[in-house]
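The following pair of complexes shares a single chain, chain A, combined with chain B in the former and chain C in the latter.
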Partner chain A sequence: MTQPLLMVRSLKKHFPGKSGFWGNQGVVRAVDGVDLTVYPGETVSIVGESGCGKSTTGRCILRLLEPTEGEILFQGKDILKLNEEQMRGMRRNMQIVFQDPFASLNPRKTIGQILADPLIVHGIGTAAERKKQVEEMIEIVGLTKQHLDRYPHEFSGGQRQRIGIARALILKPKLVIADEPVSALDVSIQAQILNLMQDLQKEFQLTYLFISHDLSVVRHISDRVAVMYLGKVVEVADKKSLYENPVHPYTRALLSAVPVPDPEHKVERILLEGDLPSPANPPTGCTFHPRCPVCVEMCKKEIPALKEKAAGHFVSCHLE
Partner chain B sequence: MNTFIQRFAQNKTAVACLFILVLITLAAVFAPFIAPHDPTQMFQESRLQGSSSDYLLGTDQFGRDLLSRIIYGARVSLWVGLSSVFISAAFGTVFGLLAGYFGKWIDSLLMRLMDVLFAFPEILLALAIVAALGPGTSNTILAIGIVNIPIFTRTVRGAVLSVKNLEFVESAKAIGAKTGRILFREIFPNVTAPLLVQASLAISGAILTESALSFLGLGVQPPDPSWGGMISEARRYMELAPGMIVWPSVAMTVTILAFNLFGDAVRDILDPRHRSK
Partner chain C sequence: MAPLLEIKDLTTSITSAKNKLTIVGGISITLEAGETLGVVGESGCGKSVTSLSVMRLLDKKVEISGNVLFEGADLLALSEKEMQKLRGNQIAMIFQEPMTSLNPLHTIGKQIAEPLIRHQGLSKREAKERATQLLRQVGIPRPAEICSEYPHQLSGGMRQRVMIAMAMACNPKVLIADEPTTALDVTIQAQILELMKKVKREQGTAILLITHDLGVVAEMCDRVIVMYAGQIVEEADVRSLFRDPKHPYTVGLMKSMPDVKSEQERLESIPGAVPLLHEMPGGCRFAPRCSKAMDICHRQAPELHAAGDGHRCRCWLYAEGEKK
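The block that comes next holds the complex of A and B.
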């Protein structure tokens, strides 16, 4: 098997909880031991409810947030051990596309400036070469040179997201983390952006870590899918076996909620009771046990490990 | 930016104030060409006179031409106003950026320091600083500059807090930009609007403080003309020559009002809540 591009080992990110007069009280375990492997050229998706830690995981991998614990191996090198200067160089290889196309572009800069910035920061090329690269890039994402002198507020959400993608790709990164890149867009625009991302993946041999809560989008774009619940990965498998043969009770419940565009289609919806527990005070044992329809005594005491149940299909559940 | 100019042109107050301010600035810059007399030349035979064709606004107790002194006084007022606000804005911007962006102990330290400065009434603090440094124009500028730093720090800090968690700042980090670049290239352009408003309001305050200091004899030193100093001298002669106290006061009132209304108008224009109108 090829060497993984990215390996995340027992990644943890704890935020300080409510700070009282006598100091901080408790921690919020936003990410609590995530393991993930991403191979070159594939698209791995992280799905889960809001608040399950998927965006935090993405930001930790890029060290936009400093993880509390764990290892992040990029091409075999632990990037958490890099100093600030080395990390700055490493950032050329890993970029991010943000969710909110309105907040992710500086309103006071022209598109040309926004796209040239990454090149300037890394000292790439002369001014003329940078201009040429920016012009090429804007056309690759489906806009024109004339757009470069305009300001972000003059663009629609879909166009802004194209600009965001152009900014991420101009450094020719190997890994792109896409944090809910289409959640803020209309459905018709979503499809355009997803197709663009797939085209670009082929053109630039990109590897995507795709973070989303939208299971239909994930099914469309992914090779493999990781399901997160309360700061932990509960199931990882290739797309086909996950969607057709979900093992973890949480994954099953999640998939049963995906609407099917067929009025005759009748499914057994698995309705989960209760809300997502607070990551400041997670349940004992398996964190899913208070809401699990098949919970047994052991689930309340022991934390299940992520085990390979079938080839390439990892599940953390005592029962399966 | 074009929409800003358009909306500016539609705002009558803003345009009128800008006109007055340009007029005052031109008078100050070209004072040697406009003023009919040397502001310190004494015409002994014509002391404490009212308006005449020779002395349009009359003369003071030494026979100096009031109009010339007011025109030269505008130089002092504008110079003190602009340069002291430049000092406050420069320090306030840096402090505000640091406090807002880094937060934690840097924020606490800087803002508590600003609170200490804020606790003193403006004129009292300025008086104390000038008393310590000694009177004179440059010390006045320094004193007023220091006094106004907290207002700018707070303004900038607030604006930084409102943008620092937006994704474009995170994106700059993801690109690998250094902190200085993030502060001055990404965040700073987003705080210029409130800074501009604060600056135009602070200039009028600075002019007023300068006049007060000069009135008390701590600011601009005689025989150099300054509005505050002229008003101070006029106290003893106001029954004999009311023009001595009226004209410098009018000049000061018009200038301060113009800066204040201009600042208010710019704030209204830049306020997004007024944009729908």
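The block that comes next holds the complex of A and C.
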């Protein structure tokens, strides 16, 4: 089997809790032991609701946030052992596309400058070579050279996301982490961007780690999917078996909750009670047990491990 | 029988220093008692401005013309005082962002009690009791305690439940829900949709549901209006709209949506973007993005025509006899 491009082992990110008069009150376990493997050329998605730790996981992998514990192996090398200088060099191979195309582009720079910046940071090429690369890149993402002299506010949301993608790809990275890249966009524009991302993946042999809350988008774009709940991965499988045979009760409820655009579709919904618990004070045992429709006594005490239930289908649940 | 709410030729525009911009151009909508009517469209299509115009919640600088008839009275002709008697009483509204639409300085109980005291003349104590009861109805645990808490102490889903409790306080005949679940996670959205169905079942409230999510429309609505660039482009009952969408925009919208129930190789996207208010194309507003556009589409704006099957559609493809 090919060597994984990215391996994440028991990754943890704990933030200090509320600071009060008596000092820090506990920790917020945003990411609490995530394992994830990504092979070259595939698209792995992390899906989950707000606060499940999916974005924090993405940022930890790039070390935009410093993980508390764990290992992140990129092409077999533990990047948590790199110093800042080495890490910066490493990021040439791993880039990120952010959710909000309005906040992630510097409003005082032209698009040409924004796209040239990564090349300058990594000391690539002469000014003339950089200009050529920037001009090529802007056309690859479906804009034109004339756009390079304009500023971000002159573009629509979809165009800005194209620019965000161009900025990530100009360094020819191997891994692109896309953190909710289409969530701020309308559906007709969302489809344009998803198609663009799929085209670029083929053209540049990219590997995507796609982070999203939208189960329909995830089904469309992924090869494999990891479902996160309260800082942990509760189920990982290839797309087909996850969507057709979801095993974990949370995955089942999540999939059943998505409204289907078909009035003839009979809604058979597993309604979850209550809200997501706080990661500052997670429930004992299986963190899903207070909302789980099939919870038994053991679930309240013991933390279930992620076990392989079928080939390539991992679930952390005592019952299955 | 006259419809419960009838919007006739509603036009909303703002005058800037340079020119007059029309946000909503000549919308006519009828809402029957007890039905749920969906208004779908992408950002900037004018769906929220329509609802705010009906409720008269827009700035005075905004010009609104047309008629909004509710039980025989034209809402646009009422004085502000008369309008206040209707708002939150006969016609209630829930918004997308429950945090910004609740007052952070008042307790939940006080906010729910306010319309009860104002519109129904309940005493403070009665109103508080009723508020607790309403919170219980919308499925809030520990309603008595929650009454004395503040909005920031609640989660997004709980806040939206409070908004619904507040909107339903005076048993309104019409509920306008503007993207009520857009800010919520999918499992919480499922809870809120179930709650809205329950409210409708039990009280027979007519709902005008504004959303961009076709899944929510399919699940909740009886009839649907599709808006594009400030105009209605298609209207149909929900089943026939999804079975046989007619307007190329509606078709494009449906094809560009990834499906959670099946897999497709590639999405069909609609090229380009929604035109800006001051750059509206002269003919059909969708023509520059339309794969089926003909000569006439660029020259002349189509009217909303009957297109069979109870559909109304603003497209030259369905107006054979009327081409000039």
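The criterion applied here is as follows: the second predicted complex is superposed on the first by the 319 of 320 C-alpha atoms of A that agree within 3 Å, B and C clash if a C-alpha of one lies under 4 Å from a C-alpha of the other, contacts with A are read in each partner's own complex, and residues count from 1 in each chain.
Operating definition for what follows: a residue touches a chain if its C-beta (ideal position, glycine included) is under 8 Å from a C-beta of that chain, and two chains touch if they have at least 3 such contacts.
These numbers were taken from a predicted model, which means no experiment stands behind them.
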Fit-or-clash call for chain B and chain C when the two complexes are aligned on chain A: fit
Winner by number of chain A residues touched, once chain B and chain C are compared: C
Contacts of A:Gly123 with chain B and chain C, given as first, second, both or neither: neither
Touching partner for A:Asp262 - first (chain B), second (chain C), both, neither: second
Spatial angle chain C-chain A-chain B, Cα centroids [nearest 10 degrees]: 80
Which of chain B and chain C A:Gly76 touches, first, second, both or neither: neither
Which superposed partner A:Leu171 touches (first chain B, second chain C, both, neither): first
Partner chain in contact with A:Arg92 - chain B first, chain C second, else both or neither: first
Distance of closest approach, chain C and chain B, by C-alpha atoms in Å: 8
For the chain B and chain A complex, residues of the former touching the latter: 166-168, 170-178, 181, 185-186, 189-190
Chain A residues touching chain C - in the complex, by the definition given at the top: 49-50, 156, 158-159, 186-192, 194-195, 198, 213, 215-217, 219-221, 239-240, 243, 253-265, 267, 269, 271-272, 274-276
Touch list for chain C against partner chain A, complex: 42-43, 141, 155, 157-158, 185-191, 193-194, 212-219, 238-239, 242, 252-261, 263-264, 266-271, 273-274
Chain A residues within the chain B interface of the complex: 59, 62, 64, 87-89, 91-92, 95-96, 98-100, 103-109, 117-118, 121-122, 164, 167, 171
